[in-house]
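Heads up, the next two complexes both have subunit A, just with different partners, subunit B and then subunit C.
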Partner chain A sequence: MTSTSLFLPVALPLLGALLVTALPRKMPILGALAALATSGSGLWVTTQTWLHGDLGLVLGGWGLPLGIGLAADGLSAALLAMSSLVGLGTSVYAIGYFAGSERCTHFWPLWFLLWASLNGVFLAADLFNLYVMLELLGLSAAALGALTGTREALAANLRYLLVGLLGSITYLLGVALLYTGYGTLDIGLLGARIQPTPLAATALVLMVAGLALKAALFPMHFWLPPAHANAPAPVSAALSALVVKTAFYLILRLWLDLFPPALTNAAAAFVLGTLGAGAVLWGSWRALRAERLKLLAAYSTVAQIGYLFLFFPLLQATPAGAARDDLIAACVLMAMTHSFAKAGFFLAAGLVQQKAGHDRIDELGGAAQSMPATTFSIALAGSALIGLPPSGSFIAKWVMMRGAFETGQWWWLIIIGAGTLLAAAYIFRVLSRAFGLEPTPQCFVTDARAEIPALLLALASVVLLGLAAGPIWSLLGFEGVQA
Partner chain B sequence: MNAAFLYGSAGILLFALGLWSFLVHEPLLRKLIGFNIMGSGVFHLFIAVAHNGDGAAPDPVPHALVLTGIVVAVSATALALALNSRLEAAAAKASDAEAGSRGAPERAPSSAHHLRWPSQ
Partner chain C sequence: MSQPLTWTSVLPGAILLSSLIPGALIFLVKEESHILRGVLNMTGAIIKLVLVAVLIWGVFLGGIFETRLTIAPGLALVLHADALSVLFVTLSTVLWLVTTIYAIGYLEHSPNRSRFFGFFSLCVSATVGIALAGNLLTFVIFYEILTLATYPLVAHRGTPDATRGAKIYLAYTMGGGLALLVGAVWLRSLTGPVDFIQGGVLAGLPEALHPQLIAIFVLLLIGLGVKAALVPLHGWLPQSMVAPAPVSALLHAVAVVKAGAFGIVRVVYDVYGVEFAAHLGLLTLLGVAASITIIYGSIMALTQDGLKKRLAYSTVSQVSYIALGASILGPVATIGGLVHLVHQGIMKITLFFCAGNYAETLGVHKVSEMDGVGRRMPWTTLAFTVGALGMIGIPPIAGFVSKWYLGLGAVEAGEHWVLLVLAASTLLNAGYFMPILYKAWFRPPPDAWPEEHVFESRFETMGALLWPPVITAALCLIAGLLAAAPFSPLEWATLIARREYGL
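== the complex of A and B ==
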């Protein structure tokens, strides 16, 4: 039951998608049950990885290379836990959000396809299955994003689809080159065989470029803000919190486990770090200037993805050991914190938008004030986006800045400082509107089913990942943080 | 070896041509054809790798990958075309409403036929 349970986080949402399509009348109940089962299986796999170490499974009774291999190590397990919890919160919110709407029948099947492919990316053990999962993810994400049916949403998501296709076909060319050179696609086998040849270098460039396009790394982020800002709120939350993380996860995986250190050298790391720095500054600046709440959140995602890429030059310059382990764990912590915080932020923004009928920041005062729990969620998620203590991103930024000091790369400190100040400015710009002169209602929670998921997700980013970040280190198999 | 090398190089050339067409041309249909040519280029490369010399049985793994890849490319193309036809319908509706409010009989030219990349 330990290793065989690996297929459940992919199979259960697929089954859920089939059931909600076959029995549309029972949709919200079936959807909730399938979401619970998917989330439970993801957390089960995380617990098993925690208890027994790395897991592996080859499906269908075929041996490698024909069989489909699944594998879970600490990194996959941590991100699987993230997709399980954020996915559950988003599903509960979606029940209320789409209640009595035509779009409900389209949302649930696509959402479970998206969830299956997310978990599939985190668990796949070979490069080609990763490609299939990435494509499935791109197709379901673009279809979900276009659910509102407005002209802006359709145009933005058609562009998102095309950009995603370009990214994944470029990745696939890199995969084909690696197969030409080394005759295997299994990440473990390939990592042992690969040599720093021009062929492998070309494959690295193609794969990372394709994935960076899908991760919306500056300056390839242009497709993200309109696509994420025009989607329905639960979809925006899933896209911003989870979908862009899969491409980043793959780049990190290739960097750490596949390509030899002679290829993942200082120059390559510096390029990624510089693009990340550009993303932090440009994304934060555009978020500060955004007129709509959801556009602000989308540009903030561009900036937060940038922080994740700042880890590459630090990782490259740090020799293997406790300091490098801290950096890897901090990178995972940063990705997870952003995921919870941004999901909470988008869900809360969706409630404000429903209440006010629009999401123009300058005119939100009254609507935000009449929903104290939602405003509190935005404030909590905002503090995690800024990196205020005790949120998870505070610890991650702390470790990142220490790494920058220790490796003598002081220039990244300026970027982190400037990005944090800009983030504080755009978050407080939103919050300052919520304290107007209008009467505040007596009750804290006005609509429990809709407000609680957003609140819990935001709370997790601050409390769960901030005060209890230690388990991430042990899940990844490292000693403790040495701050 | 020589035939496989020629076939593989042709694949990379096709990928480059498709990429050029994808990036340079505005209309969606040309972008999609470009994307499919890029895909064919990658499939060429996989089939060239599968060749194990004349008379020998080819490696089955790349063949399986190409079949899967074709299915993915067809679905992606279909979804892009479906989204575009929705977009054109939404654009036509919007320009009809606009024309109706102005009282002008002719329809404004739809911009949806030429999907534009954002100008930021």
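== the complex of A and C ==
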């Protein structure tokens, strides 16, 4: 059905960006209000999708193939809810983080631009608008990442910008091929017309390759760790938790809704799965060897993105039905859990870094021990990253492992198992520093405004997604097998 | 959650929350508010005790208590109270109360108490979750939570030794947890959701799946064997002795090793079914592993001079009695194994409390320093003596009852070699406990103790440290003397065995 509220999650942050630029003196309060409004509108759209099913809206007064189309189905609504909540937490944290700093004036406009393009990617209904939103996202993300202004941050984010452009262009080439072949860019129409021709196959390869570069899929992840590790904490959180997810979302969308099964075949799925496996092992290994906390978190993102790609071979081998629905829902759950957990992790890591003045893991003991709530957030988020129960990723891994058994692809179990153990090793390498002989902190929470957002995000990844994941199934329209 | 909310569908959940909520609140308590923290601790422990008493009565009458929470379609968190879970819940609830009192006394003036008691309560909540788990998924979830909640307790002291011990503990339990998870998912993919049902659920599966079922059993056994300290998966246990005494007591008697042993019992009886497990030859595997562990643990205990290390190896050995009981086909052996779950708990916790008292009061950490402690600390040493004699199996203390039923069950099942294991173990037990008792009571005390603390108390040590071991020692005697009384551990184990074998 048509719903006019669909444009709000994109329009409100844009309005916010304009307002904070126009009235820089009122920045924190305006920023907070705009963040609340954006987040509220995103959750509103999610609720509407929950209640009424798929939503659509055409802007610009033209009919569907020509106008700017927005659409929300269960998948976009779930990710929109994720970007709304994680975005809100990050905004609240950023108020305190940038307070009294000059960077504040740069942060808020860029952040709202980023948020608008994030929501735009989740809601766009045609491939060209998606491209526009992706470009906007890449630009604002690279600019935000360079906010610290250090030489490393600039170099890393310049590389990030170029890689992002390369990825978008590759994607655009694929889009152009499809347009010449089928004369439309609307995902729904295209999905109905597309045939397993060499042209479509080339488009698939180009689009997925471009997006995989943007999603930092191994071995195209090289740009991610320096860019994410050198950004200010709230920016790292948004980049790792949300931005890389957009590219993954698009790949999943193309895979499920656009390309015919003859193209999304076992070989293609195996390639994606293998790259995912490489990401899990290599990312986790580098996280274990990382000397700095934020670098560890960044490599952990590389690994977690890898898990998401392990779903493709399982999805491909599972016939349509409850088992396949479970896998899709688990994949979304995994992406969402990582988003909440990684945002919480980066925000908490930022506090530890501020307290200690550095983020070298070996010397963090004192700072970690003096902030119990923050360390607790790292522990909660960490257990979600490892995939320990109760957390959304535990459920996702359970379903994934079940899928591996049921489709006879036992080798992915080895990857999941090894990734889990490596993750436990790198998370507890950090946590073990928090048990030292430092003086006892008097209170659990030392600085509520800074510590609570991280704690809530981490808690959400564990308790909310770990014990009440059912709504994701409902949102995606799946019945699920009844126990 | 389609079921109506009745008290029978809330009670198991309430028992879990009665320690989880105080635990979460304790994290928020300011470090210096020890009264508030104590009140939270004790309120939780007492509410839990009352709820468990109601549960015991209800289950005895044959009531069905089940709390069900759907996590996602096809994945349900089920807390279901049957006779076996009640046995473990009661053990952990009673011992939690006693250990909390002990820990409050033991950790007085020490740092990071809010953190300690917070995780302490989480740990007990996880144990109760394991006890009440109604399906394999729930069991796995709480089993992993237990690992997470105990890590901070082992690392609590913050010394390099503690960090190292905690790391080793984590490495073992994470590896074990993964094996358990893989086994559980594998089984789930063969059969659908695996509920724990008395008599087992797998016997009806086609013969072609039997090799897979054997492989799954081995995976589950590895996962559970790590916590139950089956040789060669026991390496973490002596290392984690660096933890404070109440934690050691908790690890050894209530939570961690018991969770492993309990899990083995669950898998054998309520997943595979004991007859089916015997048919697949799995009981022999379990029996051999348990026997090796019993003998090896006892031999290692002989060679330890550190008191807590000696007790640790004794735990390695004694916990495997439970697995041994599960590995013999026949109700009498089952009773012996199950009752030992409780008996080993109360005896071992007594011993660890006493070891803690010696360390705190006199600075005595080694067996070689224990000359004459009986004269300086008669009540503690009396409690220690009861625990030690019980471990050896001297009547009328609880440990005798366990060994008697294990032996009887073995004879009944025609497994005479078990008697040899029991006899050897008893001799070895006497070998490592008797010298301690002799030194404590009959050797003259030294001129000065290694590090004596004088408490302002009319007793030999602080009241909060003295009463817990005295109480648990009394429980050891009562459980042995009144073994035939209604609601004694033995009677309850008999009830479980009757239900498992459908007698």
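To be clear about the criterion, the second predicted complex is superposed on the first by the 477 of 483 C-alpha atoms of A that agree within 3 Å, B and C clash if a C-alpha of one lies under 4 Å from a C-alpha of the other, contacts with A are read in each partner's own complex, and residues count from 1 in each chain.
Operating definition for what follows: contacts are C-beta pairs under 8 Å (C-beta built on N, C-alpha and C of every residue); 3 or more make two chains touch, one makes a residue touch a chain.
Keep in mind that this is a model prediction, so the values were computed, not measured.
K.L.:
For A:Phe428, using the defined touch cut-off, is the partner it touches subunit B, subunit C, both, or neither? Pick first, second, both or neither.
P.N.:
Touch partner of A:Phe428: subunit C, not subunit B.
K.L.:
Scan A:Pro24 for contacts with subunit B and subunit C and give back first, second, both or neither.
P.N.:
neither
K.L.:
State whether A:Pro261 touches subunit B only (first), subunit C only (second), both chains, or neither.
P.N.:
In the superposition, A:Pro261 contacts neither subunit B nor subunit C.
K.L.:
Once the shared chain is lined up, is A:Gly53 touching subunit B (first), subunit C (second), both, or neither of them?
P.N.:
In the superposition, A:Gly53 contacts neither subunit B nor subunit C.
K.L.:
Identify the partner contact of A:Leu173: answer first if only subunit B is touched, second if only subunit C is, both if each is, neither if none is.
P.N.:
So A:Leu173 only meets subunit B here.
K.L.:
Compare subunit B and subunit C by how many residues of subunit A each one touches, and report the one with more.
P.N.:
The partner that reaches more residues of subunit A in the superposed model: C.
K.L.:
Would you please give the residues of subunit A that touch subunit B in one complex and also touch subunit C in the other complex?
P.N.:
none
K.L.:
Within the complex, which stretch of subunit B touches subunit A?
P.N.:
8, 12, 15, 19, 22, 28, 31, 35, 38-39, 41-42, 45-46, 48-49, 60-62, 64-65, 68-69, 72, 75-76, 79-80, 83-84, 86-87, 90-91, 94, 112, 115, 117-118, 120
K.L.:
Quick check on the complex: what are the subunit A residues that touch subunit B?
P.N.:
Where subunit A meets subunit B, its residues are 65-66, 128, 131-132, 135, 138-139, 142-143, 146, 149-151, 154-155, 157-159, 161-162, 165-166, 169, 172-173, 176-177, 179-180, 185, 222-223, 226.
K.L.:
Which of the residues in subunit C end up touching subunit A in this complex?
P.N.:
It comes out as residues 27-32, 69-77, 111-115, 137, 140-141, 144-145, 147-148, 151-152, 155-156, 158-159, 162-163, 166-167, 170, 174-175, 177-178, 181-182, 185-186, 188-189, 193.
K.L.:
Give every residue of subunit A touching subunit C within the complex, in rising order.
P.N.:
Touching subunit C from subunit A are residues 322, 326, 329, 333, 372, 376, 383, 388-390, 394-395, 398, 401-402, 405-406, 413, 417, 420-421, 424, 428, 431-432, 435-445, 466-470, 472-473, 478-483.
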